[in-house]
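Okay, so here's the structure we're looking at.
Labels for the chains are A, B and C, by order of writing; each one numbers its residues from 1.
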Amino acid sequence: MPILKNQQREECVGKYKRMKKIPTEFWMVLPALIVLVVITVFPFIYTVQLSFKHYPYIQVQSHIRRVEWVGLDNWIRMLTDPKVGRYWIVTLKYVLGALSCEIALGIAAALLLNRIRIFQDLLTTLSLSPMFFAPVLVGLLGRYMLHDSYGVYSYFAHQLGLFENISIFGDGRTALLALIALDIWEWTPLVTIIVLAGLKSLPREPFEAVSIDGANAWQRLWYLTLPMLKPVLLVALIIRTMDILRYFVKFLITTRGGPADATKIVAIAVYDQAFQAWRMGYAATLTLSMLIVTIVLGIVFVRFFAGMGQE
Amino acid sequence: MKISRLQRKEQKAFHGYSLTDFLAKVGLTIILGVFLFWWLFPVYWMISSAFKVDVSMFTLPPTWIFKPDLSNFRNLFATKGFSSYVVNSVIVALSSTTIAVILGSLAGYGLARGKIRGKNHIAFWMISTRMAPIVGMMLPLYILFGRFRLVGTLRALILAYTTFNLPFAVWLMRGFFLEIPRDVEEAALVDGCTKLQTFFHIALPLAKPGLVAMAALCFMFAWNDYAFAVIFTSGKTQTLPVACQRLMTEYGIVWGQVMTTGIILVAPVLFLGIVIRKYLVRGLTMGAIR
Amino acid sequence: MKLRKKILLLTVTVLCISFLAGAIYAMTEEEKWTQFEGKGITLNFLTEDTPAAGAILDLLPVFAKKTGIKVNVTRTNVGDLVTKLMLELGSGSSEIDIIYAARWQIPPAYSSVLVDVTRFNNDPTLPHIPMDDFFKPHLISTSYFVDKRRQIGVPHDASTLIWFYRKDIFDKYKKAFMAEKGYDWTPGPNLNWEQYKEIAQWINDNVSEVKYGAGHMAKQWNSLYCDFSNVFWAWGARGFENPNTESWGVIFPGRCLWDSPEAIEAAKFYKDLINNVAHPSCPSWDWSDLAEAFAKGDEIAMSFNWHDFVVTFEDPARSKVPGKVGVALAPKGKDGKSHNYYSGAALAINSYVPEDHQRAAWLFLVWQASIPVQKAIFKKGSTPVRKSAYQDPEVRQWIAEKRYPGAGIADVMYEAWKPENLEYVEAKMPMFVETLIIQYTELAYMLQGLKTPEQAMKDIVDQVNQATGWTDLQEKLKQ
């Protein structure tokens, strides 16, 4: 009897020791983990299985269509539908156009703000204003200020002789440009502030050394500042890429997919398919494709910048 | 004393007293002015339009000097239930931010410091949840919330916002904590503090700029959201962005009230941004290297 | 004698009993309305933001007082309304009791989930609505889907695209136009669409008060479809093979007929109208933008828009043209009739809610269709759906005086809703919205010049047949 008791005691102690080995940090992570799993895993699984169904989300009445497993039909449709190709091209144009300008202008603005000595704080905060605008408001303001008849920006453009007979949101060529411009307006400040903070944390020595060697401002910028900003730029790029694909409210408020799909980014297509046409299965497929693209882009950026940072 | 060419160059580099430098400075200031004008003009336009009466809002050329009219504001506050929009927005934004801050900083610290198997995978998974397209989550979340009879309540909205605020918080806080050198914490541990105590009394204060910046951004994302709000709220639980969009009535967009609602929508976040501006700039990039 | 007495006694007793029973169980009109008093029932009503909803909202305290039932109203825009309703009804939720059954999406998909109100209407313990007092086309198109015996709602509003024009301009230049073109250009169904285009072009060239003659809601959205429909039907084109598609509704519409010669002609005309004659901003305008442009006073002289907009046009705070707005039926089509796109909807009851809520909801439906409430809709700037409201002496007075904007156009609308003028609505079928998206997208491509009308129509037919399942059916039949 005493031997068994010892054995039992040892087992208990062993278990306790093992539990003690679970680091406190794990318990710290657990609540967030549980919450996220609950509210994201179910939607994800639901979306995945939905993408294999033809599910019109109609309760009865579906004499033609029943909820059925159609296997890869939705995926095949998505990959062969020329319209989907067009949506992705529009999305690509939008993302590239907006991101490139945001990064370029953001760096430029940050460099400028960095040089200002008086009121730098205040000016920085003021220049952050667009970032705080809700996308709904940006869409509405954009619609107001770019309105062909009474928009103040359109007025100035007409005075300069531009867009005289072109309706900004009514012409395929200009509608997407207008939305890119709205996005640039709203989010360049975010890039600016991230780059500005990065600039402030750059060490002075390399700059001093280089200027003694005779480098001018441009050379300093190109060969020293920018490479050292790479990690910071990566952060900005990732934050923006994550959001730019997801945010579609501006589009809903202004063009809803635009003249002849000129501004129909994939997110709008998902919205239409899911909440207008009620082809939930197909919408789920499109959603998953968006998710895949975002994740791939994220990985690509990290690898790309990590690789270049070796220099 | 004769100054060598090299020394003179040094002087120029550090003091910038030459003419070209001066011109460059003026030029750059002008460019910065253009930037600021571009960013701030719509803000000014929105505010000034709020004081114009509907019909005069559409006159061109635009009127720069005019008699301000408060009728848009009067109409706005006379709207039944307007205060509930504001209250709802505040509740939802604050609650979701609080959840994100508490759970996010705990998890961020745990992932930064803890010896957990696969912690990088967990971290990556958490961030990837923020990449989920909102439009794709609307239906599954609606079904999920419907089962628990949460549709139309603010709780549903708070939970929905947690789907993007919490991963964001975890990601940022993890970055911040990775930045902070471990020495102080290790010293504290050696002195006999528990890990939690180290977290509260040492790590968290050191990460304060990042924490503040992250909280402000979480608040902003929750405050500004429209897509989830329109699906999960109804009637009494609607938030400000939904109120804004509702001004796009079938009978025309009530522009005057759009401007006033816009001011109310932007002002708190702008104010928040100004108050914490020191932290915003530093805090956002604390974790930049990661 | 005894037998006859017995029979007499029996008969009298039976009569007495039934009389007593009738007296006990027959409810007075008053009681029908107050039967829910004190039961603390609250109904949730989800509706689009319309003037009719506005009128009802104002009068809600009256309803609460009359019946003891509280009603919570949520007003939203049509897009979000549909999304919420589809999520509600599709998930079997019983949150919303009374719904605005947006005609395109709700009855075709969810008619089986909406309560058949015929049994409430015939129930002696509930108040009754004379259904034939509604305009027949409204009733059929909003309150029935496929099954002619099942009435799923009560007509509620009746937005219709009507021809708005600037009376002042048309009066001022009437002689000049007649001198040049040879006919009286006063808008109305005596003109045809080619003449409409001619008028618009003439205004472009000769009238200085406005920039362009015509404006259209050609935004790539529902607005484009609605606007094009007027032209489409005017050319004699029909949407689908199955003749019930555009009235009672169908599950299977048959082959899409948008590539018929008439449809292509209509498309060509529309393209010419929008690209060459109408205001260049048309492809960015939905009905709100169009109304704004018309109200601005210097952009366009004519527009086809929802008749409810008359209240905006006559409001001096929101428009520069009060008092100058005229209204007419659309130009006549190739069949000699004037087609004005109708977009009304019914109020329906969610069958997932408990029985007492359903009955209480029926009370609400009857109340909102009652003549006093219908008359109040005039005051809110729109027009009622009950025919007898138009004959009411007080209303006739309002119409004569044009006291309310809605009253000013009441006669024209009454005309527009007569069965001979309102023959068709859009296709009522479960996959309507999917086909709608296809149709307005392709039309937008056509308007942007990326596709010819023939190509656009052909693509529409191909995709729509795919969506309705006609293509699959053909393939199965071939096997």
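In this section, a contact is a pair of C-beta atoms (placed from the backbone, for glycine too) under 8 Å apart; a residue touches a chain by one contact, two chains touch by 3 or more.
No experiment lies behind these values; they were computed from the predicted model shown.
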| item | value |
| --- | --- |
| Contact graph of the chains (line, ring, star, complete, other) | complete |
| Chain pair whose interface holds the most contacting C-beta pairs | A-B |
| Maximum centroid distance from subunit A, chain identifier (CA atoms) | C |
| Rounded Å distance, subunit A centre to subunit B centre (Cα mean) | 14 |
| Chain centre separation in whole Å, for subunit C relative to subunit A (CA means) | 40 |
| Between subunit C and subunit B, distance of the C-alpha-averaged centres to the nearest whole Å | 43 |
| Junction residues of subunit C - those touching two or more other chains | 83, 296 |
| Shared interface positions of subunit A, touching two or more other chains | 149-150, 275 |
| Multi-partner residues of subunit B (at least 2 other chains) | 58, 139, 143, 245, 248, 253 |
| Complex interface listing, subunit A residues touching subunit B | 23-29, 31-33, 35-36, 39-40, 42-44, 46-47, 105, 108-109, 112-113, 115-116, 121, 123-137, 140-141, 143-145, 149-150, 152, 155, 185, 188-189, 193-194, 196-198, 200-201, 208, 211-212, 214, 217, 231-232, 234-235, 242, 245-249, 253, 267, 270-271, 274-275, 280, 283-284, 286-288, 290-291, 294-295, 298 |
| Interfacial residue positions of subunit B with respect to subunit C in the complex | 53-55, 58, 139, 142-143, 146, 151-152, 230-231, 234-236, 245-246, 248-253 |
| Sites on subunit C touched by subunit B in the complex | 44, 46, 48-51, 72-78, 80, 83-84, 87, 91, 93, 95, 287-288, 291-292, 295-296, 306, 308-309, 311-312, 317-320 |
| Touching residues on subunit A, where the partner in the complex is subunit C | 56-65, 148-150, 165-172, 175, 255-262, 272, 275-279 |
| In the complex with subunit A, residue positions of subunit B that touch it | 6, 9-10, 13, 24-25, 28-29, 31-32, 35-36, 38-40, 42-43, 45-46, 49, 57-62, 99, 103-104, 106-107, 109-111, 113-116, 119, 122, 126-141, 143-144, 159-160, 162-163, 166-167, 170, 194-196, 199, 220, 223-227, 240-241, 244-245, 247-248, 253, 255, 258, 262, 265-266, 269-270, 273-274, 277-278, 280-282, 284-285, 287-289 |
